[in-house]
Structures are given as structure tokens and as C-alpha cells.
């Protein structure tokens, strides 16, 4: 019934390749099926102006898509002069998700910027970005740990994300573009390795949905994020 | 326990004043306690370029705050050259909420823009904006109905919104600024008059929250939105 | 003969409501008939970079209109990226008018920003803004005086403004939009409480005007500003 | 008493050189003492979008200063992204002054843009610009007349401008930079060849001024503009 | 003598992988050693406004670097609002290089945009971009040829590029970052498959260079581009 | 054969007038036939942020055209918000050319900005700008020398530039607009007084060119620049 023939609770094939960047302190290339995102974590010995002198660090994220990541070429945001509302929403979301699992005072007065650049898009770019961003962040913090710049405990937990939606009346996990563009409702869930909720965002695309439907989506998300968290664990082991 | 002495499930004093603008086709001034938002609905006989010739209309929203709506003066966004990420997130949210209850083909090739300008802010500006925007939109559509520009049924339902949060370990309804800036988690819910979910956005501010907590927030939201929907009904009666 | 049936030397109904903002150090809501402007004065313990270390303060103003303050909706300036020429002209005018009556060295190294936001427009928004801005500024300085941040004498005089114009060949006071858009010439006058001229701006809209006509406009302005100054005095008494 | 030893009612040495541009339909290089402005009039066979189909033309102006026209180098406005408030005020003023003497319907659906570029500045750039712009506009219209694109009567009158000010307590004509930066008040007057007022802009820089003072400034302006109008006449003869 | 131990006339290891994008009509991933560029060619059935109705097509290029392509993270250009001078220079260069080998009238009224996104940078990004862009363009035109949208002969020749420089007094081929940042002079050459010069850009970084030195650089470039052209041929065979 | 009847190796009539600005530390007005450029050198006692504390100065250039320098009026770059790619390319080129002959450490922690404003354009504006910029720079450094701000040797050599091109199959020197817009190839050469190459930029406009053709262009350039260097020498003598 799904265009991809997947089971309702079946993720796309997910892979994470670590240490793909010559320059970045942490990096990975994550694939959720045909959605491919390059995540790099960059360490800087400075914090944003509003954090100066507070003896804590900061973790932030930026998100962008290459122009031909999409099926039609998308105009570069630099040519319109500022990031779109969608881009800003997503990069704020990724940043909040990562900060939820970092002990910022233990990071010291430093900033880690995780760049999530979508090389190819087929739905679910923000959830792939969050899941990969955690790996890049982990490796950046490990890089610091090896240089004794930080002690243990900076990274308190894992964090990963998945989308779910109502498609043809059924709750399904990890929507690809074909499903996403025809879903009645879709929701993104961000959860920690220990199962806590970090972000929940659900939107009715056509008609309002019931609380029952929403509960079904959350159940799928728990299952999917559980699998992603396992893969992260294997990746950084 | 709440700074405002309210019960956990108690809204702030809410009032809606209709027809406050000399020029707009629909308008209201809505107060959620000290949060005051002016909502005006403007009708234009054109649609965005990408909708041309499709025989359906469009409803969109813009959101802004006066510089001294906040306790410290905020720089005008025009002086930085583009709306902030927060502003764009909110105006996209309001637009989606309104479109969820409008039959766009019945509107004809026209656009209604609902401007939500925060005159004074004390938490919950986006939920007050959505709740008031519906009233302005209703009156704009009624203005069209009186001129026989549209038939019945353009507006399919009511829509209203409220925030909930975990404050000092308890689930509370309709956070004001004092609560919002110290909440462990907060969530915004947008629901229709008939109780369907349109948008759910929950964020853990400090530590991840459990699904049980989230269910408590949703229960509070249902109660609060029920009351807002009643007030809307009385206002436009 | 005037669309509003007013006498040539008759102001619209003017009212000023003080202390309308929860947050601002000084504020008022001023109405010149259907022209409504919210004025808030915000105190900041800093001066612009070019004034640093000079032991004097600064007073500046910003001006904006809500999108549907006008009879047709006006696009927000933030969406075009910078304030229009008209907006900049007006906010520079308001700032100069206020600085003409403030003893800047006595203010200390502080800045007061007066925001004039037009909630509804029906002609004469800049003159209403100046007249109201003085009240907000007065209350902000009184707020400082009460906290012994400044001594007496910061505010040296009152300042108010009115427009005049040639309409159907006659000089008339306080043009509303219907008159303004059909006037042969219009002029804005800014004067102090003691009758000194601060700004004079006259423009021929269709045909050049004579010095005699100009003298008539100035005589009307003196009368009108005299009345506004009285109202200001009563308001802050 | 004046830094330049001029009499109170004495203009600086003024010269106008016509036809200085290889490309422009009309042009002149005007000097008010050390203030030098290049004025070019460019004809285009189109009108702004809001004038389309109304069978009338448009005259507009743009104004800019070269970065080192001033005694300290001024940053180019293109590097800050938009024209400053001052630039916009001046170019709007020049445009209004020119349109006051043009019969726009007789121009046909065409636009003339007069660019006023300040090559060197020593006070009074806007008045030199207006006075020179008229010459460039005249020659552009003559160029059209020779090609039988328009009939007689497009240009109804001359227009010229001068500044006056209160300097050391005396009313003086045509302020240079040394006077302008120390004046108690300054005013710009725009008048037609037949003596009608087009624009009057007076500003108190330090203390408010009296109506008598203002009348003195206007008398000086009349004399000065009379001389400029004579020079324009000789130039285009 | 070279940091990389390469011979003076030795290219880095170059590889080109074709058809790497799910969506683009033509694409490749090209590596010049540690410099990695993703090139995608996007076909659109429209031309720029200034080309409309002229029965010829257009080929253009855009160039960007991911923020952590460089050894220190570089701020995204979208956050500064417009492409830097360097970016614009490079994308204009790539566009000219490609257009030199395309028969634009045979393309029909269509535009091909080749996006060159630097995934990792180690010197020579613009020359890798040009060399890869030709492969992406070739495959896009082949895609059109298979659909009978164009006839043969649209692509007249190959085009490739390489940098050369004076490093420690010797002429060397294909500078990497370590050489580039210490070169006395560097030059970029763009040549066709048949050996014609398309672009020559040489710059003295420290001291001016002689014509002899320049001739040496050109000889190296010919050799290097000859090898690149062979690799392109094998790639698209 | 050339539209201007010049010999293939004949420059346009070149003139340089020194000290044309009241305010600038160095300035000249240079004419290459109908191409007229005003060059001013401005001294500032500061360096760009990235050079602070390095005990060396900086020389940079800015380039712009007046709107009606061209045969059709060109829109001001300030109204599009940022300098065009072409403008940025040219001002970077001028800056590099000047820095090639300046001993930056001997300049001290100061910046000289050379503004090159094209008053009238007829091809070759960038080469006229470089040639004139050197004169303005020379005079600025002499101004500093007279005030004992620097010692001898800041300016190590002269620098000048010329364009050459293939026009109707022949190599010609110093292209004017009529030639430039029809050339098969054009190249700009920047050389020092002692004959060293600073920049070489050649572009095939229609078909690739051979190395022989390129050598012909370089020979012409050497001759032309030799003459320009002589004229500079006479000018500053």
C-alpha cells in the first residue's frame, strides 16, 4: 500500500558513515533511503555575544539544501538574501534537539556548530539531519575529550528523530517524499536514547485529526527512534 | 503555586472586541490577560502567483510585535532587513491554522491576509493571535457574504489555540511570561471547534518529558480551547 | 465646505490617553479624529556609538504603520527589507522635534527611543505622532526623575505639531485624508509650547503657492498648536 | 563676518556648464562655489508600473555623493544595502521640485530620470542639484522637441533652489559647509521662475526661531533664487 | 620539493564519478586530490528575461562551498545576504567556460544551470568545478538528445581547467592549498579539448613575474588539461 | 579598419589631470578617449579588523559607474542592494594591482582607499581606473611623506593597465566600446613600470583563441603600458 512497499512501521534503509570530512572535528554522511545529509560539527573557541562570561558553551545548527537536492531545482537562498522561514524553522529545531542532550556548562566557553547540508532530498530531511547531527556532535566532543579539553559527561544522552504520518488513512513510519506530499497529517518526533520526548510537531495537512490518530503516530515514532538509536550506538562504538 | 495565583487549568481573563478597525473587512482586539493582539483581515482580489488560474483562494497571516510590546524594547525587524526565524515560524503556524477551517475553492480567486500585531506581550502571543485571527477572518467572510461575493460554507469550523506547559513539575494551562520563561516544557495546541487537532507543538526546554506528561498537557488544552471556542461563538453571534 | 463639516480653523477631536503600556517608561495613545497613534518611550542605558564618552544623551524616534492602518492594506516594510523614504523622513522629523526641547547633557549617557506606531490612519499621522511623542517622552523623564536618575530641567519645553493646507482655495487646519489627498498645498508645522518654530515644511502639490498663502497657513498652525499644547498640559498635569 | 567674507545676501560664485555628457539627452555640471554636481537627464520610453495606461509621463530624480565628495570619506551606500534616509529625502525633494514645472500629460507615457551626482560637496548640495537638474531636464525636453516627440509647453516654468540660515544671529544666503555646520537654523527654498513657492523646509538646529526670523530667510531666498533663475535663462538661451 | 612530493608537472589524483544525483539531468562528483566538488546540471524550459524570443538557449553556473569545506568553518553567504565577490567571480568564470563550447541557438529556448558545490576544499576548487561541470553538462545534453529535444552538435567541444603557479621559484602544476597559500604567482587556465584558450587569469601574489615565467605556466597547463580532457572522454564514453 | 580609425597599436588620446579634489589626499581625473574616470585616494588611520596589530597597512579600491556613464542609463547598484559581480571583480582587480607596488609594512597601520568613479564610459574603464588610481595613490603617499608620516620607499614602482583584443581577426590595442562589444577575444594586462606582469586576464568571447594570438596581445600591451607609464611619470614629476 505504501509507494515504497514498506510495512507501515518500517524505516527506510538507514546508513551512517562517520569521519567523512578532512577538516571537521566530527562528521558523518547519513542516508534515510534516498535522503542524504552531510553533517559536520565545527568547534570554535568563542560563544555568541549574549553568552559571554557565563561559563557555559553553546551548540547550534545550520541547515541548507543544495539547489538540485530536490526534484525541481530550488533557487539558492543566498540569491534571495536570507534563509527562508522553512530553513530557519528546521535549523532552530535541530539546535534545540542537540542542546537537549548536552551539558552546556561542562562544554566550557566554546561553540559547536553542526552544519546539516542536504545533498539529496526524498522526504524526512530534518529527521535525518537530527539523527546524523548527533553522531557528528558526538565525534566532535570525543575529539575534545582526547585532547583533554573537556571531562566526561558533556554529552548526556543520544537524540534522534523520525517522521510519521497518516497516509491513505493509515499511520505509517518515516515518510518519503511520495508519501509526505500526499499525507493527511504528518508529525515529527525527536526523542532521546532513554525514550524521553524532546520535540513533538504534528500538523494536519487536509483535515484535523483525532487524539487517537496522534497516539498511533507516537507509538510508531517510539519504535523507529529506538532503531535509530541502536544504529547510532553501533556507529560510534 | 502559579505566579498569577491561577488554578492549573484556569485561563487568564480573555476578552475579544470586534470591529475595531475603520478600514479592515474584519478585525478584533483580543486580550489573554496582559497579552494584547490586534487582528485585521484584509481582502484582496488576487491570489499569489503560484495559485493563479486554479479557481481557489488563499488565506495567509502575518505576525509582528511592536518594539515595546516586550519588557525590554526589541529592535524592529525592518532594521535587520528580514523577519526573524521566530516571526516566520509563528506566521506560518497562524496561516496553516486558518486554512485548516476554510474551504479555499469556495473563496474564489481571492486572498485574505490576517495581520496579527502584538500591541503588548505577556506570553502566549501566538495562541491569542490564532484565536483572534479566526474572529477577524469570520467577519471578513461575513462581509463578503453580505455583498454576495461568496456562498455559505466558506468557513467550515472554528479554530482556536492555547499553550500548556510543565511548570514546577505540574501541568498548567495558558502560560504567562513569568511561567513561560521558567517552564520545563511547553506546548502549543491548535484545535477546531469540533475538537479536531490541527497543530501540536511540544518542546522540552530543560529535560525531556514523558508521554504521560504530554497527555496531561493535551487534556488541559482541550479544556482551554473548549472555553475559547465558546467565547468566539458568543463574540460573533 | 470641508468634507468633515469642520470650520477652516477647527481641529479634529483630539484625545490623549496616558500610561497605556505595561512595559514602557512613558506611553500614550493619541487620537486626531480617526488617526490613532500609540507612542511609547523606552529608556536605555547606552548611547549610539558616535556619542560615546561625550557625557550627553540622545533622543530618537521610530515610526511605522500597521499594514491595515490604511484603507488599502500596505505591505510591511520588513518584507521589502528597509524602511521606505517616507518612513525615514517622518522618523527623522519626530526625532529632531523632540531633541529641540530636551537638554541632552542633563539626560546623561542614556538614550530614549520613542516609538510611534500608527494603529489607524486618516491623515496627519506625523503631527499626531509628534504631539503624542512629547507626552510619552515627558512621562519617561518623569519616571527617571522619580528614581533620581536625572535632575530637573531635562525637558525644556513642550513641542507639538499640526498640518495645514490649501483646500479648494481656502486655508484649512488639520487635514484629514479626504482633504490631504485633494489639497493644492500642504504644510506641517512643529512649534514649542512658547511659540517658537522648530520645523516648517510646505509643499505645493499641484501649483506653486504665494507667500501670502503660506502666511495664512502659519497663522492657522499657531492657533492649532496652541490648543494642542493646552491639551498636553492638561494630560500630564 | 561670514567665513567666506561674503555679504549676507551674496551667493557663492555659481556656474553652469551645459551638455557635458556624451550619452545623456540633457546634462549640466553646476558649481555653487566648491559644491559641484553633475546632472544628467535620461529619457526612457516607459513609465512606472502604477502609471501605466494613464497617458501621462513621469519625472523622477536620484541623488548620490561620491565617497570622497566630503571632507572625510563617506562609505558608499551600496555597501550598507540601501539609500540612507538623507539621500531618500533629497531625491524625493528634487523629484517634486521638477514635477511642479512639468506638464506630465504632455510628456506622453515616458519617464525622465534626472541623476544628480555630487562630485564635490561644500554645503548646499541639494539646492545646487535642483538648480542644475532643471537645466538638464530642459535640454532633455528640447532634445525631444527637436525630434518632434513632444509639442511645446511640456516645461511650464523654471525652478531653482537655495538655502538660507541663521548664522551668528544673522540671516545669510547660500550657506557653505562652514556656515551650515554652525547655523542656528537653516532652511531650503524651492521657487519657480515666476516666484511661486514650491517647497519650504526650515529646521531649528539648536533653539527654536521666531516667525520674523523665518520671514527674513524667505526674503533672502527670493533674491537668491531670482539670480539663479537669471543664470539658468542665460545658460539655456 | 612540493609539500605533496608531486613532480612539478604532476596532477593530483583525479577521479570523476558520473550520475551521482537522483534528480539532476546530468551530474558528477569530481575529486582533484582532497578537493571534492559535486556538479549537477539542471534543465529548465525557460531563458532569462533578456534572452526571450531570441531562439537561443543559455548555460549558466552557480558555485558555493559548504561551510566546513574549509579548514576553518566559513560563514554561509546567505547569512551575509549576498554572494561574495570571490563567489561571483568564480561562477561567472565557470559560466563563460561552458558557454564557450555550447552552440546556444541549437539548445533552443532553454536554460541549463550547472551547480558546482564544493563539498571539501584543498585548493583548485574552480578548476575542478569547470572540469566536472563539463561532464554534468554533457550528460544533461545527452539526456535531452535521448528525448529528441535537441539534435546533434549542441556541445561543440570539451572544456577543462587547471591552475599553475610559481612556488619556491619553480613553475608547478595543479596547486593544492599548501602551495596556493604560499605561491609567488598563480594562474588559472581554461582550454578546450582541441587546445584552444578560453580563459587565462594570472596574478602576481607577491612580486610581478616575467613573461618567461608566464610561458612556463602555460606549458604546464597545456599538459595538465590534456590529461583532464582524456579523463573526461573516458568518463562519458 | 578600426571604427576610430586608429592604428592597431595606437592608444586613444590619454590625459591625466592631477589634484582635482578639494578634499582627497591624492586625486586625478583620467581620460582614455571618451572614457573618463575620477580617482581619489583617501587616507584613514585604521586598518581592516583582520589586519589589526600586524604593523602593516592596507590599500584597497572601490569602483562604480554613474548611472548615465553608459549609453543607456544603468540602474544604481544601491537600489539592488549590493555591488554586482562585475563591480566586485573590477574593484578586487584594482586593489590587487595597487598592492603589488606598495610596501605595506612601510605604510604603517593605515588604510588608503582609492575610489574610481566612472563619470563617462566608452570601453576600458578598468584599465583607465588602474592607471589613474596609481597617480592618486602616488599623490596620497607624497602627501604623507611631506608630513613625515612615512619614509621613502612606500611606493616601489608604477603600475598601469591596458586592454587588447582580437577585432575582425586582428590584434588591436586599447579597445573602445564599439570594438569591445564586437571583439572575438579581449584581454586586460596590468604591468609595473619596470615591465613585470601583475595581472593577465584573457577571455574568448566567441571562439577559443590560440597561444600565438595571445602572444600578439601581450606584445601590444607591453607597448601601450610603456606609453602610459611615461605619461604617469610626466604627470607626477
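To keep things simple, chains are lettered A, B, C, D, E and F as they appear, and every chain counts its residues starting from 1.
Please note the rule applied: a contact is a pair of C-beta atoms (placed from the backbone, for glycine too) under 8 Å apart; a residue touches a chain by one contact, two chains touch by 3 or more.
Every value quoted in this text rests on a predicted model; they were computed, and no experiment measured them.
Q: Kindly list the shared contact partners of chain C and chain F, in label order.
A: D
Q: If you list every residue number at the chain C and chain D contact, are more than half found on both copies (same) or fewer than half (different)?
A: same
Q: What is the distance in Å between the mean C-alpha positions of chain D and chain F?
A: Spacing between the chain centres: roughly 33 Å.
Q: Give, as an integer number of Å, the spacing between the C-alpha centres of chain F and chain B.
A: 59
Q: Pull out every residue in chain C that's touching 2 or more other chains.
A: 81-83
Q: Taking the touch definition from the header, please name the shape of the chain graph: line, ring, star, complete or other.
A: Looks like a ring, each chain touching just two neighbours.
Q: Head round the ring from chain B, going the chain C way, and note every chain as it comes up.
A: B, C, D, F, E, A
Q: What residues on chain A touch chain E, complex-wise?
A: The contact residues of chain A facing chain E are 21-24, 27, 34, 38, 40, 42, 44, 62, 64, 66-71, 73, 76-79, 81-83, 113, 115, 117, 119-120, 122.
Q: Taking the complex as given, what residues does chain B use to touch chain A?
A: Interface residues on the chain B side: 81-85, 88-89, 91-92, 96, 100, 157, 187, 191-192, 194, 196-204, 207-211, 213-214, 218.
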